[in-house]
Structure formats: structure tokens, C-alpha cells
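Order as written gives the chain letters A, B and C; numbering starts at 1 within each chain.
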Amino acid sequence: MRAKRLVVAATSAAILASGLVLATGPAQAATNFCTVQNLQQAGGMDALVKAAKAEKELNIITVPRDWANYGEAIDLFSKAFGIKINDDNPEGSSAYEIQTIKTAPASKQPDVVDIGVSVLPDALGIGRKALFAPYKVATWNDIPSEWKDSNGLWYGDYYGLMAISYDASLPKAPTSIKALLTDPAFKGAFALSGDPTGSQQALMGLFAIAAANGGSATNIMPGIEALKAAKAAGNFVSVIGNSANYAAGAYKATITWDFNGPGAIASSAAAGKPLKFVIPSDVALQGTPYLQAINTKAPHCAAARLWEEFLYSQNIGKGSREFDAADAKLSGSKIFKMIMGGQNIWVAGAAHPITEAAMIKKKTIVNAPEGFAVPKTAKRVAPSPDQQADQKAIVVTEWPKL
Amino acid sequence: MDSESHRKMADTMRKNLASNLVLIVAGMFLFFPLYAAAEFSLRNGADKTHGFAAYRWIFEQSGFAENIGITFRVTLLAVLLNLLIMVPTVTWLHLSGQRYKRVVEILTILPLIIPVVALATGAQLAMPEFMQNSVYELSFFYVVVAMPYTYRALDIGLSAHPLATLTNAARSLGASWLKTFTTVVAPTIRPSILAALFLMVALSLGEFTLAQLLHWSTFPVWVTNVSQQNIVGATALAIGSLFFAWILLFAFSFIGKKNSTIVTEEE
Amino acid sequence: MKQSTTNNVDVKGALANKGAFHGFFSPSPLPLLPLSLFFLIFFLWPIGALTGNAFKSNEGAFTFSNITMLFQDPYRLAFKNSITLGLISGLVGAIPGLAIAMAIEKQGSQTLKKFIASISGVLANTGGVPLAFMFLAAFGPAGLVISALKSVGIDLYGLGFTLFSFTGLVIVYAYFQIPIMVIVVTPALSSLRKEWKDSAANLGASKFQYWKKVGLPILMPSFFACYLLLFASAFSAFATARALTVGNIALVPLQIGSLVDGNVTINQANLGYALAFGMIVISLIAMIPYIWIQNRTAKWQTR
């Protein structure tokens, strides 16, 4: 009797088990999203979105909300896919991103990074494994070849131009860098956006000042000399040109990335100060593009890849304010098609997305905000990473002697 | 004699004038920056009116409850650790361990002179993974960082009373250990314990660098990040916290002495 | 710090009577174990790891090169500036701090003492961006005080005053240095017994003679110890310096920030750790006289 029961039980169990196996069938060969290198390997957009949603979170790092309109990208992505985005140290530097990858425990690892070119050698690591996982987004071919790794380890995302940001209450609008530093009307007005021995943006500002005063991408010393003279004349205030000091009235004008414009103008208005942006008429300093990459130790692999697809999407569609709950119920690929792509979100933030040229050809680009046009008289200067490296050494020794 | 007392009176007035002047000048120096920042924090934006809108701002941000909760739990553990480790050790040092006092004093000064950046970097290099995965690692580091202050608060408080004599006296009068502890030791050291715990809480509520570098989102870290978008709100928060902390400290200084059952020399 | 002279006598007597201090109150150092372990794991171990990295090259090999770089510009300049800032800011905090503490002692009112104590406790902890903002809002180019003075014809910035200089930094640092001084020097002042002053007066000494022969000699060591504390505080201050300068004044904490977390000099984190190590060494050197003095003056601060 007992033996019979056992046999029945065993057989039922076997049938059940095989049934389960059959039912789950193909999904048993589950995709390991941590090794997926493009959308095909992921099984299509629907599969990618499904896996990303299951991961529920995305870790990003050192992304200020008002930097190149990233705030909108974060809000839209979270809303559309129901994924919570954790931003570690929004005001941190690219070096902080790489340090974090190297030293943080598994749960604190960022999924993706947005770094400056200067930290790339350290990240790629000569003689040891690179820190990044290869991935090629759907719009890969639209990225210029000099700004992407052939294996897909890193890829440029956007670049900016140096613009003058100034308080509208100044007696007249500063239209050129040279005037800003020498005109007595701007006494006590100009501050550098940061410490050029630590801040990439401030370093590029110094390059712009150099180019406006007889220097170039290979000669930054005239920039330091010009600031010395400006300090003596009283135009240069030796304080960091950030929003707090601006609100306190410590300075009235600085040189900063144009893609910081829309965010800065909005938050200054909230504090009751009228901030304006203009590209200088003497020098249009073009920065090297920032770079995106996926961390090999990413804790949320599918979400990381979905985020990259999102950032490189050239779609024109709904923003975070227009997207509603009904839209969220659609399938993954449908949602992806109907939301604004990252490249266009950056355009709205006055940044220049990396696939700009292709987007203009395909006519998939939205209009840039008003007031950021490049004057025809402006000399284009674009210091390459090597040129920057050379001049940095001079800055580190000469700047503390200002 | 009249000229003598006259001279004494004039002398006293001159002395008081000098000390009053010092206090007035110091007061002005300390007052103006506070006033200027407070005025800024009360502004209502583009229009020139004033109001308390900025003071409500931080409470209205999503993430307020979550992050205050995290800091609350970290602080609670830090306070418990202090009670379990610092208080018994310092009490013991005063009662039986005088010879080790000097060494402990020197050790507890060390966290003061080590930059917190160094501690954070070292922590990431040294600590095992399982410790770094829990936000409560912060509690342990906070106890260390607060040690110079908590040790001194306990030390000064305990030195103010001849604890060994009192304990000895109670014991020789026949009191049991429990009675000695509850009626002699505990009331004596309670104000110092409270002071040390208060320092611990103050540090935990304001500590930013260590939490940030160890990639944790605590209340101070969250506040700093959110404040980037709103300078007026950030200033209101800074001024508000200063004011709140001062009120607490001031009120606290009145409570401290009242409950002491030991008669001491008035300072 | 404070030590009762009666303690030692009683402890000896109590120790002789084993019954008095039994169990928990034992003379062996075992009760120090929890604290020592704690200190070892959560302080000495991380600092040791950091110090180790100061002597490593980027490839991991042992090297002195990071340390030797400390003796070259701009790092040498930074150490010079930081030490100078510490020394000067220490004085600017110590002397007014002492004056305020003495003034309060003279006033005698308990409420005033509690008021000052609580305010000092709060202000001693201000710093960084909030403090810089407060000063900019009051004494910055568009500050309330500056604008008020301008409206009556006094243009301070025109006359050369500025917050964005070494002097400006010293002025802002004073905001937390003075309260620190008030807090740490008050116990020393209150240990100057009133009886000594009265006895001196009774024996015919004038105020000046009292201070010259009795007051100052007793106070000096404590004053110096507190000054050293202020030095360490100004020497290692980071956030405030960063909020008020733009790298034009080389300071060690700022350089550590640029090296370890900056975007310009990359891959020189170990040099940053070496700078931190240098800072620790200098602070330790400043603390040794402090500890020695505190031990010596403990006698005078008994009750």
C-alpha cells in the first residue's frame, strides 16, 4: 500500500516538474544582461525593458540635475519605466566616479558613469582589466569614430561651449571675454567658475581667457597673466563662481559651460536674481565631449543598458510632464518610442549631443533654447586631451602664485 | 577714606566698562553675519518681500522622511555604543585606572587632528565588504570622530566630583553595590553622560564628509545635495539649525545642575 | 584634565580594602579592552591603510617619491601657507577669546555664562559653505554692512578691504576660533582661585603685580595649550577655505581635495594621501606640547 502511494507521489512529482520545465521552456536559457553587448543580444527592446523593470533601481553618480538638463532625463526615465534612480554625490568630479568604482563595496557601485576625457586613461588601466563593460547602443553608427571605443567600452555623449553668464543688473552686457576682464564697467564682477587645479570647467575657462589674450590651446600662460592683470585692475574676484556666491553678491559674471545655462537661469530666478547667458564674441571654446560607459561591476545590468539606449535615443516625444500613468501601461518598446530621447533632452539643455550631425541630417533634432547662438566673430578653439595635459602642469604650479 | 571708596568705585566702573566693551564688540562681530544670512533666508524671491517660505522648504522635499529616518537610526546606534563603551571606560578610569588616564587622553585627541577625508579613504581601503554594505558602519566611525569631545565631556564632568571618595564613603557606610551605583554614581555622572550624548547627536546630525565619501545618503548628505537647487532654502536651513541647536543647548544648560543630588562647590 | 588630589589617597586606601572596589572596579587594565578594540578597528586600522598608501606608487610598489614631492612647490608653498594660517588664526582667535572669557568671568552672572557657553558651543561648529555665505551676506562686496557703510560714504572695498584674501580668511576663521577659545580657556580661568587674588591684595600687591607674579604665570601654559588647539583647527580647515578662495591661496587641505577628488590632476591620489600624512605629522608635532602642558597644569586646576 505504502509503496504504491510512494510510486504515485513520485510519478506526480515528476510530471509536475517536467510540466514546469516545459512551461518555462525557452526562458530557461535566460539572458545574462551583464554580458549583453547590444540590443539584439538583449532580445529586443521589450525584453530589455522587462529585465530593467525587474531590477527596479539604477545607480548613477555625480550627475547634477541642472547639468545639461539631466534632471529632465532622470525624471522621464523614472516615470516611464518605474525605475528608481540613485544619484551618488551629484556635485562630485569624474575622478570621484573612478575612485568609487575602484573602492566602493558592491552595493554602492555605480551602474553607469559620465566622465571627462582626462580620467579615461586611469579607467582603462594600462596592464590591467578595464573598468567598463562593452556595449554598443542602437544609434552607434551616428557617433563620430574619434569619440567612441571600437570595442564599445566608452562613447562620447555631449559637449559644450564656454559661455559668459552674467547678472542682468550690470551696467552693460559683457559680450567678450577681453572686455569682461579689462573694462572698468565690470569692476568687481568676474570670478572663475572654480579652481582650475581641480575643476575641468574652470580649466577650460582659463583656456578661453588665454585664447582671448593671445594664447592658444598650446599656450595657457597668457590666460593666467590676463587674470593677474584683471586682479590688479579690480575686475577679477578670487572666489569660486558658483550659485551660492552669486546669490550672496560676491561676483556678477563668470565663464561656464553653455549647457549649465538653462538650469542656472531657472534657479537664479527662484532666488530673485536675473541671470543671463551669452557666447563670447571673441572666443568660442569647445570642450572635449564627456564620455558614457557601463561599469563591469554594475549591480543593475539591464537598467544600465536601458539607460544608455535612452540617452542615445534621437526620438522626439513626450517629456516627463506630458507622460502619464496610461502611457506607462504600454509595452516597453512602445514607451521607448514615444518618449523624448536623451540626445534631444540634452539639446533642450543647450548642450551639443554627440550625434548632432546625424540628427540634423535626419531632421530628428529639436530646437536649441534661445540665446546660445555662436557669434560669427568668435574664434573656435578646441584643446585636445593631450594639449590639456601639457598645459595642466603649468596651471598647477602657476595658479597658486596668482 | 571717602576718596579711597570713590577710587574703588571708579575702578570698578572702569573695569566693568572694559569688559562690557569687549562683550559688545564681540557681540557685533558675531551678530552681523548671522543677521545678514537670516535676512537673506527670509526673502521671498524676486519680489522684495520677506516671509518664512524658505523655512518650510526642506520639509516639503520628498526624501525628507526617508533620510531623517536613516540619520535617526545611525545616531541611535552611535549613542548606544557610547553608553556601552565610553561611559563605563571613563568611569572606570576615574575610579581605578588613574595610571592609564594619560594614555587614553592622548589617544582620544588623535581623531581631532586626523582629517576626516583621511579616515574615510582609509576606511574604504581597510574595512571588509560586509561592514561596508551596512549604513551602521557610520555609527562606529561617528563614535571615534566624536571621541575627543565625548571623552572630555565625561572626563571634566567626572573630575568635578570626588567620585572615588564618595563611592568609598558610601561603601564603607554599608551601601550595597546596587545602592551605591543608583544613589551615588549614577546621579553624579548623569549630567556628564547627557552632555556626551548630546555631543554625539550633534555630530551625527551635522556630519557630512564621512557619510558622503562612504557613499551613504544620510540627512546631512541629502540636504546638501537637494540644497544645490535652492540657495535661499539652504541658507534658511543653516540658520534654522543654528538657532535650534542654540535653543536646545541653552535650555539644556539649565537642566543639568538641578538634578544633581551631590552638593558641590559652586563654580 | 581635571584631577582631584584627594582621589589618589582614597584609591590607595580603597585598594587595600578589596571589598570596596570589587569586580568591575578592578585595578587590572581589562576594562580598557572594549575601547581599545574599538579604537584599533575603527581608527588605527583605516589610518594605517592610508599611511601605507602614501608610500606607494601607482603600480603599488613602495616609494618615497610621494613624500619627496611634498618638499617641492606648489606643495611646499601650501604647507608654508597652511602653517602660517594656523599660527596667525590661532592668535587672532586666542587673544580675543581670552579677553571675552575674562570679561564673562568678571561679570559673574550665571545666566550670561550659560548664554555665552551655549552660543559658543553652536558657533564653534560653524564653518564651510554656511559660514562663508554668512560672511558674504554681511561683509561681501554686496553685503549688508558694506552697503550700509557705502550709503554713508565709507567704501571699504574701494579702500582695499576684501574677504577674498589671506586676511579675509583669517577674519572668517575667527568666527569659529574665538568661540572655541572661549570654551577651552574658561576652565583654566575658573581655576584661578579668588582666594589667591584676595590673598595677594591682602599682602599689598596691586592688580598689576598680582597678574604679573601669580595670574599670568599660571594662565600662560593653559593659554598656550589652547592656542595649539586653535592652530590645529585652522591648519586643517577645509570647507571654509574652499568656499572663500579659488585655489589662488595654496593650502594643504585644498590640494588634497584636488588630488584625491579633482578633475585636473588625475591618478595622483597617492600623492594626496602623502599630503594627508604630512598634515597628520605636523598636527601631531603641535599636539605634543599641548599634552605635556595639560599634564603639568592639571595640578593647578584641582578643586
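In the analysis below, a residue touches a chain if its C-beta (ideal position, glycine included) is under 8 Å from a C-beta of that chain, and two chains touch if they have at least 3 such contacts.
Note that the structure is a prediction, hence the values are computed from the model and not measured.
Of the two chain pairs examined here, A-B and A-C, the one linked by more C-beta pairs in contact is A-C. Ranked by distance of CA centroids from chain C, the top chain is A. With centres set at the average Cα position, the gap from chain B to chain C is 16 Å. Spacing of chain A relative to chain C, judged by their CA centroids, is 41 angstrom. Among the residues of chain C, those touching two or more other chains are numbered 133, 137, 143, 257, 260. Residue positions 244, 248 of chain A each touch two or more of the other chains.
Contacts with at least two other chains are made by residues 40, 125 of chain B. Chain C makes touch with chain A in their complex at residues 73-74, 77-78, 129, 132-133, 136-137, 140-143, 157, 163-165, 242-250, 254-255, 257-258, 260-267, 269.
Across the interface of their complex, chain B is touched by residues 1-4, 6-8, 10-11, 13-15, 17, 19-27, 29, 31-32, 34-35, 38-39, 41-43, 45-50, 53, 96, 99-100, 102-104, 106-107, 114-115, 117-119, 121-123, 125-126, 130-131, 133-135, 137-139, 143-145, 174-175, 178, 187, 190, 232, 236, 238, 253, 256-257, 260, 273, 276, 279-280, 283-284, 286-287, 290-291, 294-295, 303 of chain C.
Interface residues of chain B facing chain A in the complex, by the touch rule stated above, are 40, 43-47, 124-125, 129, 132-133, 212, 215, 217, 225, 228-232, 234.
Within the complex formed with chain C, the chain B residues making contact are 15-16, 18-20, 22-23, 26, 29-30, 32-37, 39-40, 81, 84-86, 88-89, 92, 94-98, 100-102, 104-107, 109-115, 117-119, 121-123, 125-127, 140-141, 143-144, 147, 152, 155-156, 159-160, 162-165, 167-168, 171-172, 177, 202, 206, 235, 238, 242, 245-246, 249-250, 252-254, 265, 267. Contact residues of chain A toward chain C in the complex are 92-96, 99, 116, 118-119, 121-122, 188, 191-192, 194-200, 202-203, 237-241, 244-245, 248-251, 392, 395-397, 399-400, 402.
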